[in-house]
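Look at the two complexes coming up: subunit A is in both, with subunit B in one and subunit C in the other.
This part shows the complex of A and B:
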């Protein structure tokens, strides 16, 4: 079962991203939204964790990345999507788990 | 596909209400059905008609009312959460002996059963919150 996880907190503010990453199964997707987009940047320990995670797709909500001026800091292998892409991801996965 | 949305955060608190609004608009544009939008916890504050945000800022409550009008959405406010926070429709205000009501157009007050039903009837339930 493919699960879509949404994380809306910065990994430097809350532990939800780390908990989500620890529990996410192969084939699932972690979508970073709102302040969660800080996890999609380079130059910190969280970026290493994302780089080393196998079998999990990472995506980030583009408008939230842009609102924080972080486009130039985006790490490799993280897919940038818009709200239409967000809706498609919800449809394509079997269920959605929001980490609040 | 049939989608439902749950909102647990008030307007202007952080971003959940805005994200949910953009998500709902995109889902409708893509041809999906929004079965219900359920406002829970501080999310009930989205349903006040007495909010007057600065003119250069978005009016979150009015946006929901407009979207509901345009697409005939079912916007449901949790009654227990609403009563704690002073969000009342006319009937409930009267029953409580209050001198005012503030539920915005397009919203209705009901119980948690509506959230459970949304979870059962919808293909996906997406939660936005603090």
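This part shows the complex of A and C:
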């Protein structure tokens, strides 16, 4: 059973991302939204954790990334999706866990 | 009325919460009172100053251009903590270039952003009369 996890908090000011990563199983997807998109950039400790997390798909909501001016800092291997893509992702997974 | 040193501390990223926008509004209101105003950007607050912000797709106002107007309101001391930038994989080049015009120097444009270490930031905070936190 594949879970879709969403994280909406900055990894630098909250433990939410770490908690999510610790509980995400192989085959699941972690979608970064709102202030959670800061995890999707390069050059910091969180980027290393994402790089080392095998078997988990990472995605980021493009509109939230663009709003924060960080498109050029996006890490490799993180899929950018739009709102339609978000909807599709919800449908494609068995259930959604929103880490608040 | 004597001039006091006002410091506004910015610790939240923009758009996810309303803190960053509210801080900016309060700074602009306060600028009308001719006080000695400084802004500090610490932790995720440094994200407020990134260049290239485009909020078209999230239906919120892009208030990042407003930072460029601060110089016109005599708000010309924006202290950015170096460690906070580094911990987030950012450099000064990722931030907007903010300037003010010095009327005592033939209106020369001067940098508003001062990159300071954590220790220097502690000294800046220590030097204030009033600190408002966002």
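Side notes on the structure shown:
Here, the second predicted complex is superposed on the first by the 100 of 100 C-alpha atoms of A that agree within 3 Å, B and C clash if a C-alpha of one lies under 4 Å from a C-alpha of the other, contacts with A are read in each partner's own complex, and residues count from 1 in each chain.
Quick note on the criterion: a contact is a pair of C-beta atoms (placed from the backbone, for glycine too) under 8 Å apart; a residue touches a chain by one contact, two chains touch by 3 or more.
Just so we're clear, the structure is a prediction, and the values are computed from it rather than from any experiment.
Touched residues of subunit A, counted separately for subunit B and subunit C, are more numerous for C. Of the two partner chains placed by the overlay, only subunit C lies in contact with A:44; subunit B stays clear of it. Residue contacts after overlaying the shared chain place A:69 against subunit C, while subunit B stays out of touching range. By the touch criterion stated above, A:34 is placed in contact with subunit B and with subunit C alike.
Contact with neither subunit B nor subunit C is seen for A:23 once the two complexes are overlaid on the shared chain.
Of the two partner chains, both subunit B and subunit C are touched by A:8. In the superposition on chain A, A:91 makes contact with subunit B only, while subunit C stays out of contact range.
Shared interface residues of subunit A (contacting subunit B in one complex, subunit C in the other): 8, 34-35, 63-64, 82-83. Those residues of subunit B whose C-beta lies close enough to touch subunit A in the complex are 1, 3, 8, 14-16, 19, 22-23, 25-27, 29-30, 32, 123-130. On the subunit A side of its complex with subunit B, the touching residues are 6, 8, 33-35, 61, 63-64, 82-84, 86-88, 90-91, 95-96, 98, 100.
Within the complex formed with subunit A, the subunit C residues making contact are 11-17, 43-44, 47, 50-58, 60, 62, 64, 87-90, 94. Across the complex, subunit C is touched by residues 8-10, 12-13, 34-35, 38, 41-45, 47, 62-64, 66-73, 82-83 of subunit A.
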